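Once you've had a glance at the structure underneath, I'll fire off some questions.
Just so it is clear, A, B and C label the chains in written order, and each chain counts residues from 1 on its own.
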Amino acid sequence: MKIAEIKATIINQFPDSVLESEDLAESQLELKADQWFEIATFMKEDPNLSFDQLECITGIDLGVEASLQSRYNFHSMEHRHKVEILITHDRNEPKVASIETIWRIGDWFERETYDMFGIVYEGHRDLRRILCPDDWEGWPLRKDYEGQELYHGIVIPKMKEEDGWE
Amino acid sequence: MTVDALINWFATIGDFPVLAFILAVIISGIPLFLVMALNAMIAVYVERKVSAFMMDRVGPMGQGPGLHAGKWGLLQTAADAIKLLVKEDTVPESSDKFLFKMAPYIIFIGAFLGLAAVPFSSSLQVADFNVGVFYIIAVGSIGIIGIVMAGWASNNKWSLYGAMRSAAQIISYEIPAGLSIIVPIMMAGTLNLQELIVFQSGTIWGILPNWIIFNNPFSFIAFFTFFISAVAETNRTPFDIPEAESELVAGWMTEYSGFRWAVFFLSEYANMLVVSGLAVAAFLGGWQSPIPGLFNTGLWGLFWFMGKLGFLIFVMMWFRWTFPRLRVDQLMHVCWKVLIPITMINIFGVGIWKLIFG
Amino acid sequence: MGVVKGDQMVLNIGPQHPSTHGVLRLEVMTDGEIVSQIRPHLGYLHRCFEKHSENVTYEQVIPFTDRCDYLASMNSNFGYVVAMEELMEIKIPERVEYIRVIMGELNRIASHLLALGVYGLDIGAFTPFLYMLRDRERILDIFEYTCGARLLYNYMWVGGVSHDLPKDFETICIDFLDYFEPQIKEYNNLLSYNKIFVERTADVGVIPADVAVSYGVTGPNLRASGVKWDVRKDEPYSIYEKFDFDVPTGTAEFGTLGDCYDRYWVRMLEIEESVKILRQALKEVPSGDVHQALPKKIRPPIGSVYRRTESPRGDLGYYIVSDGTPVPSRVKMRSPAFTALSCLDEVSRGWMISDVIAILGSLDIVLGEIDR
């Protein structure tokens, strides 16, 4: 299916979840977070869409004052078409439904985005950090991330603006 | 010299039977220990070179004596031995210290006792038992106690795994080994190793030496089942699941370092020597020459025995570097469902053969 | 923490272990020898690749990509530059395309040789490892001749490559291929048809096709489960459409479809396919200047791109977000080994510890790529 038809199918099924925006690329579709689980189930099970492969979940920080985003790339093995879904989160309380029961790789991808950005995926069976140690503080890939001073007594070196590492 | 010869010689000097016995045992034990140590040194060097050539490498090399590893790496084993002796002797804090320290020696004792009965030549044998074959098989099971002690006392899950696997493996493979060795015993009618070797003198059809392996098809198969069980007994690949390096780090030997580990190593090579020695004596004619009638006297016996022994040890090393290792349940399957039925059929077969062909 | 039955033992494989292909900790819940659950703990090799790439320029990200999948650095570079060139819409000279394909396929052979050799080592066969490494050394010598580095090349740049092919490169490569093709028979004789190896790997760790797709498993692992998906054929990039090669899939040679043996066998067949591609490419490398299309300053337009390429481990994807400055706003690497490792728990339930090692080896993971 062409990307326009894919978008049209989703928009027809869930008209009030779609957000229009000008700076989206052709293959991107921005959705609201409220019906995400139902939309995801529809995308997997509808025979015309049949997106059975979740390629990648990327967390994006749009700016220090702006919001966070989760971007999902989907691909269908059967129809060989792709789509990209964007979901924006409020910076102070980012959360969205978890889709790890639909695509099993969502489990680890969502844990990684949680670890790096702090986006909480509700309904995830075991949302804990995956790359950082379990008791790490802060969300490293956010633009306003300040690393912690000490970790279990080990000093974490900081990079100074002018003269490099201290 | 057998212990008996020494005791008789002491009897000619004076009448002190108990002291004579103790002295005879000690005097014949020392060369045995030297044989063990020498065997380990040579076997380690040969293993490294054999494995290197099989893997398209050169192995330990050196330019000459001195700080290097000697010409062709000959001093490498000496360097390894010195390193092991001067290593720090660590005993894990939470281990069972007494058992931990005893375990290497128990394994050593098992291998050492087995060596006592191996017939190196018609006159070179420490103790010529009337039940030689039975003795070696029996004493070979002492080692397993040491292995389980080592695994348990290390207080380490990995060692425990290795020890449990090893216990299951060695105990299981004793059975086909024992059943296979019954075949030469049936044919020769004796458990005495020297008599077993003498039974194999002469020729078949004038050209082949009258070794038990060539005697009839059942004993031919019995040799191979014995050899496979022997390889499993000594924990060598493809049966080295207890010390599987890539899975269990080093299995039941994980916590041992330095001299204690050297004792394990020594015992493993001594075990290889014992089972290969038994295979050579029982199936391959022992110290008899392969060319019937020629080169059969005096020190030639030792030469032929060591030659055949060396060949079998080489084959064991060849196995190690060619085959992957079997999983534990596949190992058990091979033992119980494949080797034991074959060995039992062998025993029947040899019995019927002897009945028909005499 | 989940419910732990009374008889269960928790065993730690790693982080220091000869067989975990890197620094990986597997917490294995076992009942005797049978595994009931595995929890992998990652992050021991996390070097903050994605955070670093937000502080350096686009060209300076390329050495970082080398170090993520260090066994297939050329392909890691390849993925990044293909994504960047799609974002910036640069047209690159044909000679550069041919050089990139040649380097990518040589690196694929090297990576598969290492994966198969180490797999043999995990199963206990020591010798094939050395034979395969001996041949891999010759490939690394070719790379050293070209760009000076044996393992981490920083070779493919946005718009070109760093060094042109040196003198007599085509002859050296063809000599290597002529030497190498008969060696594959040697490996097969030693390892692939060995009964013990087959017993250890056939029917073990079967990944059904739908489970594989749901877990995001790609590359040889997915093809071994019967799904014919290869990015070089299905979403072609560079000049892969010009070459004639097959995509080997699992055929249940000795056991069920999607077992460890199929994954091993697919990689062995892929080595032969790469040799085919190399022979075709080396015949017709056009002349030209490899540095001609290098942009003076890399300032991509505002936007984002997600592009995947076929690395030896699977679909390597780069999600790059640009905000118009010379420094990227976000670079995310979607690593194939990450998704392959995620299915380890489900696949190894009910198998023994030796089988866990066999399954882990057959997935061919590189921790540098998983942890980034």
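By our rule, a contact is a pair of C-beta atoms (placed from the backbone, for glycine too) under 8 Å apart; a residue touches a chain by one contact, two chains touch by 3 or more.
Fair warning: this is a prediction, and the values are worked out from it, not measured in the lab.
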| item | value |
| --- | --- |
| From subunit B, the most remote chain by mean C-alpha position | A |
| Chain nearest the global centroid, as defined over all protein CA atoms shown | C |
| Where subunit A and subunit C are represented by their mean Cα positions, the distance between them in whole Å | 25 |
| Where subunit B and subunit C are represented by their mean Cα positions, the distance between them in whole Å | 45 |
| Separation of subunit A from subunit B, taking each centre as the mean of its C-alpha atoms, in whole Å | 63 |
| Complex interface listing, subunit C residues touching subunit A | 42-43, 46, 48, 50-51, 54, 210-211, 213-216, 227, 229, 234, 302-304, 306, 308, 315, 317, 319, 321, 329-330, 332, 334, 338-339, 342-343, 346, 371-372 |
| Subunit B-touching residues of subunit C, taken from the complex the two chains share | 9, 11, 17-19, 33, 120-127, 130-131, 134, 190-191, 194, 196-197, 199-200, 352-355, 357 |
| In the complex with subunit C, residue positions of subunit A that touch it | 23, 25, 52-56, 58-61, 71, 73, 77, 80, 84, 103-105, 107-109, 116, 129-133, 140-141 |
| For the subunit B and subunit C complex, residues of the former touching the latter | 51, 54-57, 157-158, 161, 237-238, 240-241, 244-247, 249, 320-330 |
